[in-house]
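Chains here go by letter, A, B, C and D, matching the order in which they are written, and residues are numbered from 1 within each.
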């Protein structure tokens, strides 16, 4: 398969490499010369612009971009993909953006004869490198079928979430819940310890009770409870606070557009924002427990 | 074993019955004549007062009372247990109260020569009747050993949480987290559906992703997602909103006493309170999702 | 003066009428034929399009539009104002939009040789009709001077808030605080009455104490405290919940863009959203007190 | 008049001095020897115990104590006031405690033949020294009349709030609103400045608009806006964060008892708690704005 790839950042770069490893032909473009050169070294063809990717005879185009504004520019801009692509080329956007923008772009693509899937991922840079990402897909069932073998080269879990935009919906809904439950775990652990309990004993009880959740079991924010969690290595690695903040911003903005209250979701967003302001945006989001610590910097 | 039992309400009644079934001798007292008569019919001896239970030659006393004020009155009152009990009798309080009160009473009991365990339960009236409660125990290891065979007649899971009061700590910490994550699930499900996703598909994705938690997997608040959850039978049965409200009140009060912030915990408490005010205190706490519904009473 | 006017809705219509009353010549356009016809009857000239207003030889253009998307379309669109206006014409946008969009449009206008002021108002439809609006102005001092006599025909209070965008900043900051303090008053009044106090006595004490604020003194949400407040006439008239919701949305979105936490502001937004969902979006925003009422619909 | 005075701390000490200055005879007791000695030097008679004050032939007893537990001990304890006082002596409790406890103690006093007023104050240590406190009084009208000349020696504003407990209700309701609006002002000022506005200009606009409140006009939290506010002297002096925290704790606990939601009130409490945890409990509560600062310690 000949795949066009746009956006070779921390996520897109390793994803494109996995496509090459799987034997696909990749024509790529990125504004960063070093990022582009790195992928060319790994076997990709270099394109000189977005339009050049569109005109290179690709079967599929995959994009991995920072925000909705970039997605709109790349797809809908004057020199963008839709201006140059032949009809029928499948479009897969793996950026995390708000569902309504995703649907707008997919509608424009459909009008141009290009089926499009929204395909945001979870799994972080580690999953991108290892090819173990989870893809949440919104779009028509037949397009999902067509994309599956390609996505399988980059992830191990590819889930169809329904019609266009629903991949983004699933991601923001899941991550909003994750952002809330992480703060919930941080509060419950901090409260239990402040009241005299051992953190490991408390985590053990929660994890076999009705409070259990991914944040308590897999990424417990209390230092020392889980040997391999970010909390036990100074909150390095993992999923950064500022990335969680971006996803919570998408969730509350999408909620506003459909007039849906998300009370804890909005409060969680503000707490991560206040915490980021204190200089912790680069730490794993479980570090939010520091907001609750007797010694904030311990 | 000869066991004294005080407090024969919705929880205490079935618990005492299970002790009788297991072959223990039970001497009981309750202010409610019918409750007491019911247990006597099941084989218990009736005592005429708290003091009479204490003086009946019991090996162990178990209490199951509504709130800390009752616990203090029953143990420390003028005609209370400590005023009449011989030293050495083991005391087990299964009431859910704040940890600091639990420790105060246990300290008074210890001074009087009576070892005491705090032993709050989870599992509700269904678990009480079936003998499948979980007991969270605070107190000395040797007293925990001594209590275990007795508690095994009433529950299937008996967990030692550490020193005196820690049973209560574990319970309030776990239930605060549960109260938060239920609202988080309610918001995530409501948002996803408002944005056009199918509720079952969304629940499936969350339950295999980082948002998964007991509230999404076992007691999903969205109607129709889980056939056997309260949400699929009009929120009847289950764990009432007003009981969750009581536990969140204990959590935030305990937090205040040790000067520990519980930001989402306190907000969750207020949301259940506002919801209860609208007349829903008797519904399973997952009904909080109605706060987020386009048709609040649907 | 010859003034172009775009946007003849509930606010813009009466504002334009006041310009006519003050002796100005007005050339107007609106997509609504009846709105446009109404103003023509009052003495305005009708223009056939946005571009036609721009080409009519006006000295000043005033716009009063629902949201940033409309403002961008009217000023920057293909057939928009900047495409047709001669340099030097003063632009005044009285729409309430986010400060960053206001600055973007003003920058584009400046590049085109047109000074621009952001000039959002407070005072509602009553103030628009009576010519007693407050204008909060962002832009250069000399442009503010030039605009003042025109704005004086529509308002009685014209405040210079600093450079471009600052009119919008002042409005969203003030209204976010107003939205918060109204809920604060609703909670304080409801709590006091639930604890047994007379509402009027409590309001009197608050209004001579450190809790006093515009929301307690002028628009007290408790029915019967102020004879002329919306609370004493079923919350009709006044400033609608959905308008407050719009302003809180602008505030939290602007806060997100500059990475500034607004914790109570975001929570207030969600509470008005939940309340609006229950069908109360058209009532004065002081009706939020119903969220706290023992009888929610009393 | 012969007045008994119990509790000679930062507030009670200067209050008792003002009674002496006004020509009253004062018999006092405090557990702190130096506090008691200081007042004796100023002309008071020393009593050896609570009971000794009660037996000294006083016409009135005034108490100024830290919390409800102390009030209950002093009035209801074995060697407490009610155990020793003749009927008819008027009791005035100026402590700030929860309304329900205040009513319980007043009921016990009434049963003993002693009319009692709850009379919490605002005005801080500065007002206590200057004799300019505000007293919020709960109790019978005739007892309020009787107390007025005495209280006038210590304050300049004595307000009757209704029946027993209502003085406490007025205080917690007002201070909860104050705690909320201070955070609201902190957020609005921080947001406006982050968006590019001058702090003084913004404060000026808010103070002539619908956002105005005591916290923006008299104790603006932004440094430099008001020359004489704590914000302009490093937040020293004023009303400490931990005192605000105590009052918010009383408010949310009273709300819990009557099942009244106080959503922003509870969140405000948690934010002051988190802020206090970072070591700022001794600063004026307007320092909460540091939670929102780009440089938290600037």
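Note that in this section contacts are C-beta pairs under 8 Å (C-beta built on N, C-alpha and C of every residue); 3 or more make two chains touch, one makes a residue touch a chain.
Note that this is a predicted model, so its numbers are computed, not measured.
Listed candidates were B-C, C-D or A-C; the one reproducing the A-B interface, defined as more than half of contact pairs identical by residue number, is C-D.
Interface comparison, A-D versus B-D: the pair with the greater number of contacting C-beta pairs is B-D. Averaged Cα coordinates give chain A a centre that lies 51 Å from the centre of chain D. As a whole-number value, the distance joining the C-alpha centres of chain B and chain D reads 37 Å. For chain B, the set of residues that touch two or more other chains comprises 255, 260-263, 267, 271, 274, 277, 291-292.
Partner chain A is touched in their complex by these residues of chain C: 249, 252-253, 255-256, 259-263, 266-267, 269-271, 273-274, 276-277.
On the chain C side of its complex with chain B, the touching residues are 267, 274, 277-278, 291-294, 296.
By the touch rule above, chain D contacts chain C in their complex via residues 99, 122, 134, 136, 157, 159, 161-163, 165-166, 169-170, 172-178, 180-181, 183-185, 187-192, 194-198, 201-202, 205-206, 208-216, 218-219, 251, 254-255, 258, 260-265, 267-268, 271, 291-292.
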